[in-house]
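Each of the next two complexes has chain A plus one more chain, namely chain B in the first and chain C in the second.
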Partner chain A sequence: MSTAAPHGAHPAHPVREVGHELPHVPAGAAHEEAAPVGGRIWNRFTAGLAALVLVMCAVLAMRFIRGIGAVTNLNDGYPWGLWIAYDVVVGSALAAGGFTVAFLTYILNRGEYHPAVRPALLAALFGYVQAGMSVFFDIGRYWEFWHMFWPRYVQVNSVLFEVSLCITTYTLVLFVEFTPVILERFGWERPRQKINRVLFFFVAVGVLLPTMHQSSLGSLLVIFGPQVHPLYQTQLLPLLFLTSCIGMGLAAVVFEGTVSALAFKRHLEQELLGKLIRIGTTLGLAFLVLRIGDCARRGVLGLAFQPTALSLLFWIENVLFLVPALLVATERARRHPQRLFVAACLLAVGGLLYRRSAYLVAYETGAGFRYFPSMGELAVSVGLVAFEILAITIAIRLLPVLPKEPEAAESA
Partner chain B sequence: MIEERFGMERRSFLKLAAGITAAIGLPITAVPAVARAMTSAPRPSVIWLHFQECTGCTESLLRAEHPTLEKLILELISLDYHETLMAAAGHQAELARRNAMAAHEGKYILVVEGALPTRDNGVYCQIGGKTAIELVKEVAADAAAVIAVGSCASWGGMPSTKPNPTGASSVAEVLGKPVLNIPGCPPNPYNLLTTVVHYLTLGELPALDDKGRPKFAYRRLIHDHCERRANFDAGRFAVQFGDEGHRQGFCLYKLGCKGPETYANCPSILFGDVGSGAWPVGCGHPCIGCTEKGIGFEKPIHALAELLSVTPPTQFARPAEPQGKGSTLATVGTVAAIGGLAVGIGAKIARNLGDHREHQEEERTGRPAKG
Partner chain C sequence: MLSRRDFLSGAAGGVAAAAVATTTTDAGAREAKPMPDHALGLLFDGTLCIGCRACVAACKEANGMPPERTMLEGGDYWDAPLDLSGKTLNVIKCYRDGAGTRKDEVNDGFAFTKTSCMHCVDPSCVSVCPVSAMTKDPVTGIVKYSLEACIGCRYCVAACPFGVPRFTYDEAFPRINKCQLCEQRHADGGYSACAEVCPTGATLYGRVKDLQQEVARRKALTPGAKTTYPRGRLGNGDSYQGVAKRYVDHVYGEKEIGGTQVLHLSGVPFELLNKPKLPLDAPARVAETLQGAIYHALMAPIGFLGALLALAYRHMRPADPPLERGVEPGASVKAREKGGEP
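And then the complex of A and B:
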């Protein structure tokens, strides 16, 4: 998207044929190799997703009319439930691929990751839209949502304020970053060139913002203090959340790359995905070292060997961060798309479990309080994921997101 | 001598003197002066008049415990006229009053219990052929001090409740000058006792507030030193008699407690000398504001009080906090189904990837081999 981008492409090791062309592409036109996939939008799969979205809308109507207590199992001991712990904390982490790939491509100037930028940005856009919508559903007085953008009402010392403002701003930035794709689709060249001229700024902000709020998601837990179990409560939480979100985000990019290749019967960008998952699993290992080292330093590692459900979860999560790194440790191993895919899945699930445990299981607010998501909460979370998949599918079919297939073999 | 006069040991007597000294707010060095005043000062003559009342003030006074207050009253002061307590009756009683007034002119203390009817020239309460108004004016004329005990004498009290058919009025209103008021229904006997001892010790009445009440007893809002105040601040309220919050001893504000707008020392001095909790709020009933004109016998007992010293938060927690619902078969099943579905899809994709790879390998065979 910026002029700097193409120079990083390494002609000696082209990932794809289009990689050769990158250095010669003029500024602002770097994405002409992407093309809409096309094909029919509505089939049994997308209709099923739409049905799930409708169920969510019905539940949400009840939530907005009759209040949050009518739909959820939230209580004063567990004021945050599924919608925050999964849809916001996990959802935004899985969408972290957007800023990670942008960072690799534009800041580290590695052109070989370029084909992954648009799909990653698209997934990030809808991932963050999902997170933002969840926050809106979860706010008790949702009609006062706008207060957090109104200087008179803001509380600048609040981590939650930082998270909400940062996520909202980043969603807007993601939209700006993605705008050239839409303009390209409709052939509006002049606005596209204008946007391209300032895009470097948005790319930079778009890399900065997620590091802020992803670490702040950990800071939120730091504030909970002793309410979070010592195995999970540490001053390192911001760093742990940042490293794990990069691993999860890249795992999600690999997952989506694999699934879209299968679903649209396209060429699998195996080397690219292999490189991405390697970075992801390395970050996962870094997370693991930080986490266990920190536990040892704080002298709470012994708690992990007590026969409790939480220590079992602790080790399951650790294994889920470790195994993917082993699966794709060698060059040979990374040539197996199955290994890449399984490694990505395990890493994503590991991050998901870690965040779920930190926010809901390790969180003990007082004797007697309990929480398990209600059917309504589950329906909304499932509906949001369905909405995300549906939106991404439609966007891929209609907009130039995925790299153009030389053989153009689409029929889904 | 003390043993004879007060029926108590010297040690206990000094304790009492120290307690009274503290209640008045005098320093500990004043204890000997108080003790001296109680033992050696000439016993002042007291004339106690009853008008529109229930004798509850006297009854509560009789039940003071340390020492038994009738002893203290009879020995400490010379109670020369008290319709409930004296043996005399009829003209003999009136004679005792006139004698006392003549013998102690300008030195006796007048205590008035009960409101005075003023409508129709005060015909609704007459003693010995004289109306209450005439009696009060007559006795007050030569009194050293006038003490109105109880809410009725202090500001009209229960008899003055609307529509007030007898025109019940306070002593101060009838005399047209401020008097010392010890309101309450009944007032705490120790507030009266302490006032009297203050007068005996220092020769003057204690400092009064703008309603003529001794500040040592009526300076603070009940709400501001109530034992249940922490519950108010935490938003824990009894909402109905016998509900969970009521059983837990939560704040009675929502049941109409008038503590937030009533000045009295009930929470700290308590009643009946039986230990902690022995006062209306401590027993679980909201304060009715009996010491406060315009509140006691005027506001409905369960109407919300006006908050004079604090503003409550806009939202309060519930007395019994719901602790949430756990998992049900349906929700666990749904979560398991979603998880199972995800694993199934993942496995299927992984299997398909094998085919995809073979397909791709076949394509690749035609191309230059990679490193």
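And then the complex of A and C:
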């Protein structure tokens, strides 16, 4: 952290600026607060992303012509692989910043989080679109996907039914929540005002739905019973998935905030990101306490001290939830952007590993089955992430998503 | 109006209540499912099986399943599948130890077992299927698959503790395949092909009640005594004279995960036959109880939504009165001036 020293020398600078600015925003100027970043859309970076998307399309063509087996290593022992465990379960958790920031800003009425709302909603929107696309590629009989929403077919006891209905609805809600940004861009004031009048409803639903399906992504594993290792199989799975997804979602917001500040050479909203990562790491600690306490209560903590790869993973995950909290524990520590960034990365990776372990490593269906993702599966996952980054980058350049750059920061 | 503190403590209380409800066993638990009165099933007696695999071939023929190529030491074999797959609904597996010369002995012995759908009383595949493609017949208890409904999500493949439903990964228009007890043959008076062709009665078809009685009869016999073994379908009159066998004290499927309609007898412990050791409580019941506790007939989400709506309305509607409680003045001014738009 030696590189953080220069920032420590005048730490309060950006913090005070933002804090004092808020009450002076004139009412009429309120909706001009966010602004498109502008600039050229196509450069080497975006072209590279587009190339990755094209590679994905080639693999998908093969998948749809010759079947899932032609491009994946999925088998009857591991019927769910990279596309579900990473793109859906991890991907949507990283998109949980959308509902968390909306909750802080609108439900708890903490206006200081307002600048993070639009970027978080944008990332959530494309995170969920990515998850939805991945499900569509993964399900074998994709042309029948509508059965999940058709009364004649739905099976309400299925956790997967709840998850798919809830994720689909939430993605639509995210579109509505994001609509004012588009309307604002094109200056369509009348429809924008109309939407704003009912937006509270979508914001409320947009907080409820993710708490339901993020916890249900954990519940999906409960019915696997003894097929999931006792360190991971617990009735608390829904609560563990919910607490950790909030940590992951806020970590992703901090990650994206830092990266976009660097990429677009903008002022870093350090105090805001510091507050967000603090909440994220606190939820991470709550996850850790729940998890260890639950293992102890069920009397399986001893299994974590056996010399197995899984118990090693168990502790690596726990350390990844603990260390970020320590990194940003003090006000002073949170003045170092590097610390915030590292804490966010560790927390996100911790949540990612926890989900991967639960879905793929702790899951053991019997001898004789192995799974490691194929190049084709990797190409699709990478292509989906590239698509997401590409879409977000273009949106940030064209639409009023990021806060309008304060004059002072530009001169600094 | 609900204050933020009330709301937060209410939400935390709700989560805690759900957690407590889910960790105590009986609060609002979903009832265990009973065996259907006219449940149909199979009895597989490993001590009678001679490993001829006529049942494997007959199953393929009766269900129109394609042959499968198996790579083994010493060459390829056609249609000698080692395990269930998208093309195979029934296999005979073999346990072997040391010299492998003594039938149904652990040391230097060998033994056979059958792997096919157990037709659970409380099947996980039915509980997990989001589109009702897996159903349990209310009369016969046969766990059936509907290709027409299936979306190919493979949750049933992942959830089945016996590893029964299999997916055809190598097809562009894939499907799930599993044993359905040859239900399609019932209309013409037929029954499960595997039982019909079994020369020794190792696989026996019948009503589960009758099969349970047959199990009790065999277990009560003195090993070595002469007895009669029915063949094919219980009660059809076909039987032969044999010698009573020695069994391990465990009827596989009798109690596993709430009971199954396929019962297994064996001379060697089931662990040696790679039969999974399973809890008595059905995972489907455990999972549905947990979901039920969390959603408690949808009241919890509706209550939560109500509180969210109240607070979002209060904080986002432009015409609302000013806020005081616990909010920085700048922040609340800003939220209202923004008209609450994200």
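Just so it is clear, the second predicted complex is superposed on the first by the 375 of 412 C-alpha atoms of A that agree within 3 Å, B and C clash if a C-alpha of one lies under 4 Å from a C-alpha of the other, contacts with A are read in each partner's own complex, and residues count from 1 in each chain.
Definition applied: a contact is a pair of C-beta atoms (placed from the backbone, for glycine too) under 8 Å apart; a residue touches a chain by one contact, two chains touch by 3 or more.
On a predicted model such as this, the values are computed, not experimentally measured, just so you know.
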- Judging by the criteria at the top, classify the pair chain B and chain C on chain A as clash or fit. clash
- Task: With the two complexes superposed on chain A, say which partner A:157 touches: chain B (first), chain C (second), both, or neither.
- Result: second
- Should A:211 be classified as contacting the first partner (chain B), the second (chain C), both, or neither? second
- A:108 contacts which: chain B (first), chain C (second), both, neither? second
- Quick one: classify A:258 as touching chain B (first), chain C (second), both or neither. first
- Message: I'd like to know which partner A:403 touches here: chain B for first, chain C for second, both or neither.
- Response: neither
- Message: Quick check for you: in the superposed arrangement, does A:77 touch first (chain B), second (chain C), both or neither?
- Response: both
- Message: Contacts for A:247 in the overlay, against chain B (first) and chain C (second): which applies, first, second, both or neither?
- Response: neither
- Item | Touching partner for A:368 - first (chain B), second (chain C), both, neither | both
- More chain A residues in contact [chain B versus chain C]: C
- Task: Please indicate which partner A:274 is in contact with in the superposed arrangement: first for chain B, second for chain C, both, or neither.
- Result: neither
- Message: To test your reading of the overlay: chain C has the stretches 187-195, 277-285, 295-303 or 331-339, and exactly one clashes with chain B. Name it.
- Response: 187-195
- Item | Contacts on chain A seen with chain B and repeated with chain C across the two complexes | 74-77, 368
- Message: Please output the residues of chain C touching chain A within their complex, sorted ascending.
- Response: 4, 7, 15, 18-19, 22-23, 83-86, 124, 127-133, 149-155, 157-159, 161, 163, 166-175, 257, 274, 276-279, 283-284, 286-288, 290-291, 294, 301, 304-305, 308-309, 311-318, 323, 327-335, 337-342
- Please name which positions on chain A make contact with chain B in the complex. 73-78, 258-259, 261-262, 267-268, 270, 336-338, 341-342, 345, 368-375, 378, 382
- Query: Which positions of chain B touch chain A when the two form their complex?
  - Reply: 317, 321-328, 330-332, 334-335, 338, 346, 349-350, 352-354, 356-357, 360
- Contacts from chain A onto chain C in the complex sit at residues 22-23, 25, 27, 30-31, 33, 64-70, 72, 74-77, 79-80, 102, 105-112, 114, 117-118, 121, 138-142, 144-145, 147-148, 153-155, 157-162, 164, 177-178, 180-181, 184, 192-193, 195-197, 199-201, 203-205, 207-208, 211-212, 215-216, 219-220, 222-227, 235-236, 238-239, 363, 365-368
